[in-house]
Structure formats: structure tokens, C-alpha cells
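Look for chain A in each of the two complexes below; its partner is chain B in the first and chain C in the second.
Moving on, here comes the complex of A and B:
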């Protein structure tokens, strides 16, 4: 079990910068997820931790110890590949025992540990069969078991659930969380699926184009995103992000959206937009569940008028697509009263709205908490 | 017929039917090849079989089809079993095979392992590595003939006197031939084994390394077992080729000194063109064909079974 320090790591492939000056501290026993869209550099980061890729700049430390000179074989890392990389020419037993055999562990000890691990992973009945005959779900278990059996310092998982069918994926997600508690190991989990990251990880690092966008607990990231990218990336349905020009008219700060719609800024979000005098174009963010209909609950809430264009059922609730001229807001129709074509007033609560600088994407007014 | 069919919309006649019937068309497409094979494979085979049971030689002036006049039953087949020169040639062929093929295998394997990782100049080295294989064997024979001369570069470099002979020495002649064969055919081994080695999934190799396996352990436990079929094919291919070795030997030593480097092919060549014992050659040739076919069939069925 180890903590991992990633210090100012940069990785370039020719002209392409895959990872750009990344700094990340993962504490001992922590379950950290690297989350980002495809090609954002999360797998490259993982490969650098494992020693598969060299670093262009910076350093990676385990327990504050520099790793750059350590060979892959000696890093003692448990790595679960996206396609599992099971040794298909060997039996299940031999797959599990490989990591122990190469370390010349005593035979009886190997047998005991393989049996225990097979039991833990419930693949005991498959032990003598060729690994190639396993189902994808069993391969997944075998891949985790094979890495766990050598008791690695850290565990790296590269999108391990992406090949599974939906039912087993949910089961495996819960199972992984249990395993992590059992092993008590530091785990790094690469995924592009925010639900996996949100439900599994203690901390999430959101990466875009090789840069760290935000690192924090799932709730932190959800509630107070540091920038427009994180706000847009996390949450389903997505946050409403309305881009426009900031303009002051008759003491009223407004966000003018192309197409004619305007948001009259009030209360907290207004002072956030105003906090940086230089910003000219901003992005107004509000999560769909925070928009409400009916009576105004607070003086600082911003009133809008829109037309219901589409109603979409999502489970027990309905999503309403509201058009204000050419601008669209998505909101939850929690009272089930809206009809398509209705012209309705709705409110954007000022305290729950977020202000971003459109040019840099940074959150304005400082993060509230 | 073709004039008529060109004008009428619905074509009739034999060729029109052929055009519509896939099987018939197939028959006509295959026919030339079949005829060719009959002439170059089946006919000579039976001719050989016929000659092998006679005493016929081209010296006596009787045409080959009249060979039944000197019918010998199975005398040729019996004689080859007790012919020390035949057994000697066979032994020497096998000797070259059991030394050269494993040597090529181990060298090829080692080189292939060097080439799976990318390094600067890899492509250039790769091309250079493959050149020996592409040189005509006769030219390779000539090269080594020149290299191994008493006053040649080999002796020169090793600081040996010019009367230290390679190609005319009873022991060293064979060594020279084997060295030449290894030099020429290691690249082929390398090529096949490299292809096989690149076929080993790189993520499995990586997984093995991450599990703490040393390079040697991973090589023995992951790479080699996964390459089993390719290794078998490479070995069989080279063994069969090696059995037919002729050009190198003939140019370097002509089978000499004496019969010290006389392989089966060289032996048969001499019998045919120097001693004109065509009936005897036919008998030996057929025997070798039969034995090799049995071995190949056994080997193939073994491989097919393994794959299942």
C-alpha cells in the first residue's frame, strides 16, 4: 500500500502533448478516478505510473520515493487491462499463480493463495480449465484476482468495466468497492463514465486535453465545479450553460445571448459576474433540477419566460426543454403540469447559479465553499 | 455458333450453358492446370516408377519405354539398402540438418527477440539481416568458396597459414558447408520467428512484466508457448529444405574431399550425370519421396490435432 505523488508531469508524443504539467497527490488507501473524455491523457497518465511510458518532464513518486529508475517488473503494481490481457494459453490456475511463480514463492504457499483468491473471486470451479474458455465476466474476475494475488503496492484499473454487459457492470461496480475496502489498497481507476467515477471513487481527477481540470471528492466536483469544462462534463442531464455578452444597462447587469434572449442577473450570481471587471463575455450555469416553476421563492431569483418545446420522460420525472427565443433551458417538470406549447414563467435561483468566464472557462467570484 | 449467338438474345449451345453453370465453367478453367500437372507430376512419377524396376541406362541406346527388356524386379530397391555410399550420403545430410537447423533456430530466435522492441535504425538492420536469404544459393556457395580458400579472407583474419585448408580437409569441409548454410538461412528462421513473436499479444507480455516476471521468465512462459505452431512450422520448413541441400555443397566442395560432404542430392546428381545409373537413381528418389511423404503426413496430422 502506497501513496502516489505525481509532480508536474508532462508527456509529449512528438508535437502532441498528451499530459500537460499534471500534479496530483493520491493518498494511501484512496480510491482515485481519472475521468475525462476519450483521448484526454488519462490512460497515458496511468501508463506513466505503471512505468509503461516514460515521462517527458516531471516525476512520479511512491511514498515520496522517486520511481524513474525502477523497472516495470520491480514496481509491484497491480494492473487490470481494459481487455484483461489474460494468458489464454494457460489454465485459470496458472494465470493466478503466474505472479507468485515468477517470484519463486514456495509451491504449497502458491496453492494456498491461488485457492483462496479463486474462492474470493468465485472462480474455483474453473481453476483447471483453459483461461481462453472463460466468459468475459469471469475473465474480469480473473484479471483482478491475478493482480491482487501478488499484493501490489497500488492497483491500476484501465476502464475495467467497459467490456461488460450492463447487469454485470453494476454488480462489478459494487464488487470493486468491496474489494477495495478488503484490500485497503490505493487504487487508481481510469474511466470515461462519470457514473462509475462518481459511485466508486473517493476522489475524482477530471482531465481534459492533458490538463487537470479539478481534483476533489465526487460531491465537491458536482456542487462546485472549478470551471466551465467540469460543470459541463459532470452531471446528467447536463448543466444548462448559457453563453453571452455581459452588459450594464440602467444599473442592471445583463447577460445578452445571441438570438435575443437576456438574463437579468441578480443576487449572488450577479456579484460573481461583476467580481472581475475585465470579463466581457460569460457563461451562466444552472443545473436542470435547480430551475423551478410556479411562485417565486426568493427576490433574488431570476425570472424567465419560455415556451415548452419538448417533454421527455426520464424515469419517474419529465424533462422540459424550454425555449427563450433561440436559447434552450432544460428543467425538470417536477409537478407534471406542463404541456407542449405552453408559455410559462420559470425561475433561476441566484444562489445555485454559477458564473464562468467564457474566454478562460474559469469560475468567477471564487468557488463559494 | 458464335456468330449466331451474337445476334440472338437468348444464347443456346454448349458454351452458353457453360457460361451459366458454375461447375462446368470451373471445369474448363481448371482443365489446363490439371493437364499441366499430369505432364509434370503424374507422368514423370510413373515413368520413374517404371524405370526403377529395370536395369535401364541411357548408355545402351534402347529407348526408355523399351526398358522392360531389362526388367530387374526390385533389385534396385534392395541394392540401395545395402549401398554404403547411399547410407553415408543420408547420414551426412542428416548431420547437416541436425546441426544447421537448431543453430539457425536459436540464432533466429535471439535475433527476433532483439527486433521486437523498436530502436533507431531497426528498419535498416532488418533489411540487412534479410539479404543472405535473398542471394541465390549458388552465389552464396561461390562466396564461401572464395572465403574459405587457403589464401582467402577467413584464414587471413584468423591468422592461419595458407596451407590450412577448409574445403579440402576431411573434417573442416563439412564445417564450412554448415557455416555457409547457417549464414544463408538464419534470416528465414528470423523472419518467420519474428512474425510469430510479433503475434504474441503485447498487453499479455506487459501484464506478465507487471506481475514481476523477468524478461527470461516471460520469454519461456509466455512468448515461446504462444509461438509453438510457428516454431514447428519454421523447423519443419528448414528441415525439409535442408534435406535437399545441393547448390552450396556442389559449388563449395563438389561433395568432396572424396565423399566427405556428399549429401543425398549431390549423390543423386553424381549418379545421374556422372555415372548415368538412371534406374538406380529412380529407385532411390522414389524411396526418399515415400519416406518424406509419410513423415510429412504424420507431422501434419499431429499439428492439426494439436490445433483442435
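Moving on, here comes the complex of A and C:
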């Protein structure tokens, strides 16, 4: 078990910068997720930690020890690949025992550990069969078992659930969490699925275009995103992000949206927008579940009027698509009273609204709430 | 889809016709090998099956003479058979080892990116165009009429086949499988011979068979680069004529059967891999 320090790591492939000055500290025993859209550099980061890719700049340390001189085979890493990378020419048993044989572990010990791991992964009945004959779900289990059996210092998982069917994915997600508790190992998990990251990880690093956008606990990231990208990326349904020009008229700060809609800023979100006098255009963020209908709950809440264009059922609740001129807000119809075509007032609570600088994407007015 | 009886009849007719076109020459060769001299000349009129089956033709090529024949041979099949086996196998090994190692280096490590095309270029020359310089070079290094001289040229000429075949097989192996082995603690070399090579074994077998057949059936190179000690079967076959009897078809047919045996045996031996090799790329991703 080790902690991992990623210090100012940059990776370039020719002119393309895959990872840009990334710094990340992962504590011992922590389950960290690297989350980002496809091609954002998360797998490259993972490969650099494993030693499969060289670094262009920067350094990666395990327990504060520089790794660049350590060969990949001496790093003692468990790696589960997206396509499992099962040795299809070997039996299931040989797949499990491979890492131990390479490390010249005693034969009896190998047999004991292989049996225990096969039992743990419930693939005992498959041990003597060729690995190529396994189902995708069993291959997944074998891939995890093969990596775990050598008791690695750190455990890297590269989108291990993306090829599974929906039912088994949910099962494996729960299973992985249990396994992490059992192994107690430092785990890094690459995914583009925020639900996986949110439900599994102790900490999430959100990466976009090779840059670290935010690193924190799932709740932190959800409740107080550092920037517009994270706000937009995390949460389902997505946060309403309304972009517009900031204008001061008769002591009233407004966000003027193209198409004519305007948001009269009040309370906390107003002071956040006003905190940086240089910002010309901003982005107003509010999560769908924070918008409410009916009576105004606080004086500082912002009142809007909109037309219900579409109502969409999502499980027990309904999502309302509200149009204010050409601007659309998505809200949960919490009282189940709306009808398509209704013109209704709704409120944006200023305490729960977020202010971003449109140009840089940066959160305005200090992140901590 | 179920075919109507008439369509089915038509289908089988064409299948039979196609089989007959393929099998007839083979059948003729096999029957002719067992016919005595008078039956394979047109004097007696052609017959489908030997009227008086005999092993005379085999006896003749193995011993140089046979009972009831006035002609004799100054060289039996034994020498050329050994020469063919030795040079074909060694040539195959040369092509396979160098083709496998170099294509792996190109595919996995991106070394020598121009190599694939320059290797292919070897095949763009008709062998005849470079045959004379090769003869001179081989004479210069004393490689003419030696087993290693012929093996070497076989290896060189078939290298492009081995290289390109193995290249496509290696490209099919997901790099993650090798990464997984390296993460497990294997060195590059160990990954290659314990993981990658076993995975492409079907490809290796297919490639070996192709290259072996190419070498086995070569005529031109052996004709130019051997004189007497290491004459191979195809060259030997061409010499089976006599001043009195003309072309010795019966002996040639007997020789043809013997020459067909090694590739067929080799093919049967690796049959299991052959199917996999020809359908490679169906790896579970």
C-alpha cells in the first residue's frame, strides 16, 4: 500500500499535449477516480503511473520516492485494463498464477492463493478451462483477480466496467467497493461515468483537455464546483448554466441573456458576480432541483416567469423545460401541478446559485460556502 | 433456405464438376505412378486405372534402375529429397525467425518505419532480374551448391512473405495484453516469447506452411545455385528424361506423389492452428 504523488506532470505526443502540468496527491488507502470526457488524458495519466508511458516533464512518486528509474516490472502495480487483456492462450488458473510465477513465489503458496482468489471471485468452477472461453463478465472478474492476487502497492483500474451490461455493471460497482475495503489498497480508477466516480471514489479528480479541473470529495465537487466545466460536467440532469452580459442599471445588477431574457441578480449570487469588477460576461448556474415553484421562500430569491414547453417523466418525478423568451431552464416539477403551455412564476434561490466568469470559466466570489 | 429438388441437383452437379476439375489431374498423377511403362505411353491407348499395377516407377527412382527397364539413372531421388527437405526447412527457419523478430520490432516499438515497404520492395523484383548478380555473389562466397547457400537465398526470397504475414498477426494482438504482462513483472523479452509468441502461434504455423511450400516448390533458384550435391526435387524432376524413352512420365508421377507428401503432412500436423491462423483477428476484445 502506497501513497502517490503526481508532481507537475506533462505528457506530449508530438504537438499534442495529452496531460498538462498535472499535480495530484493520492493518500495511502484512498480510492481516487480520474473523471473526464473521452480523450481528456485520464488513461494517459494512468499509464504514466504504471510506467507504460514515459513522462515528458515532471515526476511521479510512490511514498515520496521518485519512480522514473524504476522499471515497470519492478513497480508492483495491479492494472485492470478496459479490454481486460486476459491471456487468452492460457487457462484461467494460469492467468491467475501468472504474476506469482513471474515473481517466483513458492508453488504451494501459488496454489493456495489462486484457489482463494478464484473462490473470492466465484470462478473456481472455471479454473481449468481456457480463459478464452469465459464470458465478458467472468473475464472482468478474472482481470481483477489476476491483478489483486499479487497484492500490489497500488491498484489501477482503467474503465473496468464500460464493457459490461447494465445489470452486471451495477453489481460490479458494489463489488468493487467491497473489494477495496477488503484489500485496503490505494486505488486509482479511470472513468467517464460520473455515477461510477461518485458512488465509488473517496476523491475525484476531474480532468479536461489534460488539465486538472478540480480534485476533491464527491460531495465537495458536486456542491461547490471550482469552475464552469466541473459545474456542467457533474450532476444529472445537468446544472442550468445561463450565459450573458453583466449590466448595472439603477443599482440593479442584471445578467442580460441573448434573446432578451434577463436575470435580476440578488443576494449572495449578486455579490459573487460583483466581487470581480473586471468581469464583463458571466455564467449563472443553478441545479434543476434547487429551482422551486409556488410561494417565494426568501426575499433574496430571484423571481422569473416562464412557459412550460415540455414535461418529461424521470422516474417518480417530472422534469419541466421552462422557456423564458429564448432561454431554457430545467427544473423538477416538485408539486406535480404543471401543464404544458402554462405560464408560471418560478424562483432561483440566490444562496444556491453559482456565479462563473464566462471567459475563464472560473468560479466567482470564493468557492467555500 | 431450402432448395427445390431440381435446384439441389444443379447445385450438386456443379460441386461435382468443380471437384472433378480439381481432382482429375491428381488422380491421373496417382494412377500413372502405378502404371508400367507401356501404359503411360499413348501406344497402348490411355486407360483410367493401371491394368497391371506396378511399383516399378518407385523402384526406378529410388534405385536408379528397375526390373524390365533398359534405361537407368545415374542419380536416385534420395539425394534431392534430402536436399529439398534440408534447404526448405532451413530457408523457412531463416525467413520465419528474421521476419518474426523484425516485424515485431516494427509493430510494437515503431522501429525502422520504412522497413515494411523496403521489405516489400524485395518482392517487386522478378527473381530472374537479380539472379545473375546473386550467382556471382554466391560463387564469390563459396555458397554455390551448398545447403546453406540455398537455404540463405530461400530465407531472403521468402522473407517479405514472413514479414508481412507476421506483421498483420502482431497488429492483431492488443497492446494491453503485453502491458498486463509487463505490469505483472515480465521483461520485454519474456513478454515476447511467453505471451505474444504463444498468442500468434496459429499465425506462426500458417506462415511457416506458406513459406515452406514456396521454398519446396522453387525451381529457378535451385537450378541456378546448385550443380550436383544439393540439387532439389523440382530440378531433379526436370532431369527425368531419357534419350531412348523421352519423358519418363511414370517416374515423374511417382516423384510427384513423394514430393507432395511433406507439405501435406506438415499441413495436417498444424491443421488445428491453420484454421485459427486463417481466421485470425477474431480475438475477443
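We adopt the following convention: the second predicted complex is superposed on the first by the 368 of 369 C-alpha atoms of A that agree within 3 Å, B and C clash if a C-alpha of one lies under 4 Å from a C-alpha of the other, contacts with A are read in each partner's own complex, and residues count from 1 in each chain.
Keep in mind that, in the parts below, contacts are C-beta pairs under 8 Å (C-beta built on N, C-alpha and C of every residue); 3 or more make two chains touch, one makes a residue touch a chain.
None of these values were measured; they are calculated from a predicted model.
Clashing of chain B with chain C is the outcome of superposition onto chain A. By the touch criterion stated above, A:359 is placed in contact with neither chain B nor chain C.
Of the two partner chains, chain C is the only one that A:132 touches; chain B does not reach it. Of the two partner chains placed around the shared chain by superposition, chain B and chain C are both touched by A:77. Once chain A of one complex is fitted onto chain A of the other, the partner contacts of A:85 extend to both chain B and chain C. Residue contacts after overlaying the shared chain place A:340 against neither chain B nor chain C.
Once the two complexes are overlaid on chain A, the chain A residues touched by chain B in the first and by chain C in the second are 50, 52, 72-79, 81, 83, 85-90, 98-99, 102-103, 146-147, 150. Partner chain A is touched in their complex by these residues of chain C: 174, 176-177, 179-187, 190, 195, 198-199, 201, 283-285. Interface residues of chain B facing chain A in the complex, by the touch rule stated above, are 201, 203-204, 206-214, 217-218, 221-222, 225-226. Within the complex formed with chain C, the chain A residues making contact are 47, 50, 52, 72-79, 81-90, 98-99, 102-103, 132, 139, 146-147, 150. Partner chain B is touched in their complex by these residues of chain A: 50, 52, 72-79, 81, 83, 85-90, 98-99, 102-103, 146-147, 150.
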